[in-house]
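Input: structures, listed below.
Both complexes below contain chain A, partnered by chain B and then by chain C.
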Partner chain A sequence: MAASAAWPVNWVLKLVLAFVVALVALYTCRHVLFALNRLLGRQRHPYLDVDSADWPSVVVVVPAHNEEHVIGLALEALIDVDYPRDRYLVIPVDDRSTDATWAVIETWAARAPDIVRPRRREGGRPGKAAVLQEVTAELDATLMIVFDADYVPGRGLVKQLAAPFFDAEVGAVMGRVVPHNTERNLLTRLLDLERAGGYQVDQQARMNLELVPQYGGSVGGVRVSAVRAVGGWSEDAYAEDTDLTFRLLLHGFKTVYENRSECYEEVPEVWQERNRQIMRWAKGHNQVALRYAWRVLRSPMVGRLERIDALLLLGVFLLAPLLVVGFACAFALYLMGDPLLSNEALAVLGVVCFSSIGNYAAFFEIAAALHLDNSRRRLRLLPLNFVNFLASVLNVCRACYSLLVHDILLGRELRWEKTARYRGNGNGNGNGNGGHVNGAAGEVGR
Partner chain B sequence: MSAIVAFWLLAALVCSAPFLPAIIEWIARTDAQPLVVVREQDTNIRHFALGFCDRVQDLLEREGIDADNPPADHQGEYRPGERFRVLGASSPPSWPAATQRSRVVDVMLVALRDLLLEGGFVYAQEVYARGQIVAGSNATYRALYGGTDVLLGDGCTVARWLHSQGHVHIGADCTVYGRVSSGLSMTLGAGTRFERLNAPLIRFASDGAVRGPAAALGSRRTPWPDAEATAALHALDERTLRAAGDLVLPTQCAVRNHLVARGNLLIGAGSRVDGNLKAREQLVSGAGSVLRGAVVCRGAVVLGEGCLVKGPVISESEVVVAAGCVVGTPAMPTTITAPRIHVAAGSQVSGTIWATEHGLVETATADTQTLANA
Partner chain C sequence: MAPRRPSTSRGLLERLRFQSHSGRLIRRHRALRRLDFERASIVHPVTLVAGSYALLLVACAPITAGWATTLRFWLPRLGLPDDIGVRERDVLGHVVYEVPFPLLQGALPDRSLLVTVGGSCLALMLLSWLLLRGRALPLAYLVWAGCVLELASCAMLWLAPAEFPHTVASHVANGLEFALLLLLATPLLLTFSFYVFDHSITRKAFGTAVIGAGIVLVAPYQYLVHTMLVEQLSLVVMPPLYVLFGLLFDIAVFVALYAWVVSWEP
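And now, the complex of A and B:
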């Protein structure tokens, strides 16, 4: 009698578990494929070798909110960049700073008045998207390149980021972000591993396979006419960079990843800040997924493989809550004494996917990235990344709950959050979102 | 009981084994530094040549040699086990009997005037000349730096790089690996294989000026696309049009848009395109076309006879440049980059050519002609 009462529950749990296991297996295949492509496949860097050309006009925008400790270095590096002077402008935008950011910007503007054209915002909507939208509306340049205020670009970086735009189909370009505060503590070292997997393997493999590399908001650029064609920057998006990636894709533009266009950034040094960062990413990414998944599925502008990759990319931050649901189902089935878990193929597949290959795929990506970077000894830290993995699962679940309950059901307006800076004398607050490209372990549950 | 405890201890030890190297690395921090990002990296083709030049200046200073009044001959070690020889007025240099027999010169040569190098030798170290270098035929050179011109005989090989502040002439059937650059101009003989070239003016198997599409420049062209053609295209932005498949432009047309073709892009002979061009399969430009923007293709790019291209030419497979083409101008240099680049005799490029697998100067053979006229 009891068995017959449990029958429908039992089967629902099994179906949910099977779905989650299948999804994890799919992501596993995707990431093993990416890692193998980077290790063994043909690498695409078609625009890297362009060094002489009639370069397009470029504006570098540096949004800044309370960045007095870091923005001077960024501006110094940007003034020193190798690019034709008559086609190059730097626009640092002080977005309602309460510290000496504006004074620092003015100092550098006075040193290079022909290149640096500062702007100051004292009102309006806060945040990077609002800054970019405001600047884009008034630009007459062909390209806009965006750096966070703590990024220190090399001399050749702007040319490297501009070169792909000779391709008329390219709407956005993304470079590689490299953490420079890796030596601070275990967290920064683990985030360094995560970033390596995310950029060196994940992004470059998508570039190699002509899938959907992601524009990450900093160390990247956009074609101004393309941004205007898709309706500008979304000021109501938590992740305006991912949002733009998908709107460009749906309109027929491509995003290009340049693995050798590298720039240093700071990664969070405390878990509290890391948790906020991953929650912001998850929320933004899931918001984009809700907005565009259906359109990606139906758009004639998106190729078949691009469509599959785009959908999987949109789903990465939904995997964490699904993983938790899957574990809950498995545990419930175990408590119900279901024989399927102990002796049938589903159980085997589930255990293998959850406990081994699912984690292994993401970790394999990191290992491949470290191999490619020739950073062999830091590979030993990889087992400790499990801690980061678990923290990410938890925080992504919190973000999903917050998006669903607070934002969608209760209709709360987007709240702009700042990234902490660690360079200089104090912890200033950045305007950037730290390059919103998910590292391998950041894409939880793969 | 003790067996159970031992079992669980052993199990715990086995399970924690993968964490031991991690914990050791966490504590010892043997590899905690940030990944090196080279800030000065600007892909300067002269990087090695300029570095070598600095090294020679340091060497002359260290040895107390006045470059304007060089000694007759001076030898020594510039690094432990690596020898150099400063040649004063003794060009061409004479070699000891052992070197004559082996035909291998294993010293770095520094000539403070012009330098004449005998052919048929292997020059295993770098060669520097403050003046002109005349390098003999059928020889192998590691690297050459010329303060003025560098003239390389037929059938030579340069293993790493060649740079001249003046003109570079590379004879027929040479192989020049790595970077070859000139401050003024460069001529490559027929049959020469190359990788990366840079100069304000690069001529292929021709010393004369290249005519380009001059004859077609003044002719009348029909604006394209018309209303019918526009209806079949998707507007990516206000100036960029995309075709879902192949795109064929008629002859003698004038295009102001950027064009993207998801298939092949064929440009009719004598056309003029002001925008950038992109094709995913093949991009073929008919003879005498003027392309003012960039030319980008996933497949092969074929520039027909007598084309003028002002923007960069980027292909992920192959670029074929037929005779009489002009790519870039000395005032506005540009780049041709592809894994394989075939350039026919009688073409001219200003800027950089970068063949990541191999480049070849063709005589105007049937192969090139066939491709270019396809």
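And now, the complex of A and C:
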């Protein structure tokens, strides 16, 4: 009697579990394909050899809010950049700082007045998107390159980022972000693994396969006319960079990933900051998914493979709540006595896939990245990435709930959040979103 | 039409391209690095997968027999009866493997124990929230996950104790069967994730053996500990053990060993 009453529940749980397993398997295939392509496939670096050219005019924008400890180093490096001086401008934008950021900017502006043109904002909407929108509206340059205030570029980086724009269909370019505070603690080491997988494998494979590399908001550039053509920067977006990536895609512009263009950033050193970061990314990404998924599906400007990749990319942060639902179903089935390991090959395959391969594929991406980076010893931390995974899953779920309840149902206005900085006195706050790419581990791919 | 360059001089030129003035190797920048697709990229995976499965075909029965011996050796020393059952799996009437398990039921908890365990879980959640919010925040998440699973088990055993479908025997049989399946899947998992790298074939073979040996050695002791805990604390601890220290633990062992062998120099 009890068994007959339980069977519809049982089958619903099994169906949901099967759906989650299928989805995880799909992302697994994607991870494996990307890793194999990056390891053994043909690598596309089409703009790497552009060394001398009639370089276009470039403006480097550095949004800054309370960045006194880090912005000096960034400006020093930007002044030293190898680019024709008559076509190069740096615009550090002090966005209502309450510390000595403006004084630091003025000092560097005085040292290179022909290059550095500082701006100060004391009103308007706060945040990076608002800064970029304001600057874009007044720009008289072909390209705009964006750096967060804690990023330290090398001398050749601006040329490397500008080179792809000789191709008329390129709307945005993204470079590789490498953490420089890796040795601080376990968290920074784990995030270093995640970044390596995300950039070295995920982004480069998408570039190789002519899919949809992601513009990450920092260490990247945009064609000013393209940004204007797609409606400028979205000030109401949590992730204005992802939002721009998809609007450019829908308008037929390509985003290019330059793996050789490396720049160094600080990753969060405390878990609370990491949680805020992953929540902001998840909210921003899901917001973009809600806005553009349908349009990507129907747009004639998007190729078939690009469409598949774009939809998988948009769904990355929806995987976490689905995984939790899948685990809950599996646990409920266990409590109901359903033999998860039955004779049926499909069930066995599903369980193994759900429990191991789905998680494991992301590990393979990280392993491939560190193998190529020639820093294999760092791989020994891989099992501890479960910790990062668990934290990410919980916080992505929180972000999904917040987006659904607070933002969509209750109509709360976007609240801008800053990223903490650790250089200097270690307590500063920054304006940047921290250029991000949904790395292998960040994709809760385990 | 230009004459074809002899392969030897092409090889020489290729070598000279990456030779510094001091004769050392100039490494390609990591951004541009990739692995060469050579004959070994096909030969290694095919050889290792075929070899591993040939070995597993022969070793499967001794492995499960070894697990049975381990259980028989330790169960009396833990004060438990050493009666062992066997779960057979067959395909088309042919026995593929036999998994041993102790013939134990495990006791159902009484309500006072459920109240104690449930209260302890709530206290632990609160305590971990207060003490582990800083650098050990993920540890707090782990504690919460375990406590949520434990509270769900308490609720189940409070509401319908007679419906609880698992025994120590089925728990150990399921767990060891999963470990065996993981072992059987290992060569396939490593095909794309380890055998494609430029390690020598002996290292790849040794790495496969290390991962396989890890799973084979850990599994019986893992489930002996489970058996002991369930016998001491009743069936209430079984669900969290199954989820957190069962499948996930096996996968964690696999990933840890995989990470170690892949980190070896080629």
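Convention: the second predicted complex is superposed on the first by the 435 of 446 C-alpha atoms of A that agree within 3 Å, B and C clash if a C-alpha of one lies under 4 Å from a C-alpha of the other, contacts with A are read in each partner's own complex, and residues count from 1 in each chain.
Basically, a residue touches a chain if its C-beta (ideal position, glycine included) is under 8 Å from a C-beta of that chain, and two chains touch if they have at least 3 such contacts.
Just so we're clear, the structure is a prediction, and the values are computed from it rather than from any experiment.
Model built by superposing both complexes on chain A: chain B and chain C clash. In the superposition on chain A, A:Y47 makes contact with chain B only, while chain C stays out of contact range. By the touch criterion defined above, A:D192 reaches chain B but does not reach chain C.
Contacts of A:G156 after superposition on the shared chain: chain B is touched, whereas chain C is not. Touch criterion met: A:E262 reaches chain B and chain C at once. In the superposition on chain A, A:D373 makes contact with both chain B and chain C. Within the superposed three-chain model, A:Y401 lies out of touch with both chain B and chain C [touch as defined at top].
When the two complexes are overlaid on their common chain A, residue A:L382 makes contact with chain B and with chain C alike.
In the superposed model, A:W11 lies in contact with neither chain B nor chain C.
The residues of chain A shared by its contacts with chain B and with chain C are 48, 262, 373, 376-378, 380-383. By the touch criterion given at the top, residues 27, 29-35, 37, 41, 89, 133-135, 137-139, 141-142, 145, 149, 152-153, 156, 163-166, 174, 177-178, 181-182, 185, 189, 192-193, 196-197, 239, 242-243, 247-248, 251-252, 254-256, 258-260, 262-265 of chain C touch chain A in their complex. Touching chain A in their complex are the following residues of chain B: 18-19, 21-26, 29-35, 37-43, 45, 198, 234, 236-240, 242, 258-260, 275-278, 293-294, 296, 310-312, 314-316, 328, 332-335, 337, 351-352, 354, 356.
Those residues of chain A that touch chain B in the complex are listed here as 44, 46-54, 77, 82, 152-156, 159, 163, 166-169, 171, 178-183, 186, 189, 192, 196, 223, 225-226, 228-229, 251-253, 262-264, 301, 373, 375-378, 380-384. Against chain C, in their complex, chain A makes its touches with residues 2, 32, 35-36, 38-41, 43, 45, 48, 176, 185, 187, 200, 204, 259-260, 262, 270-272, 275, 327, 331, 334-337, 339-341, 343, 348, 351-352, 355-357, 359-360, 363-364, 367, 371-374, 376-383, 386-388, 390-391, 394.
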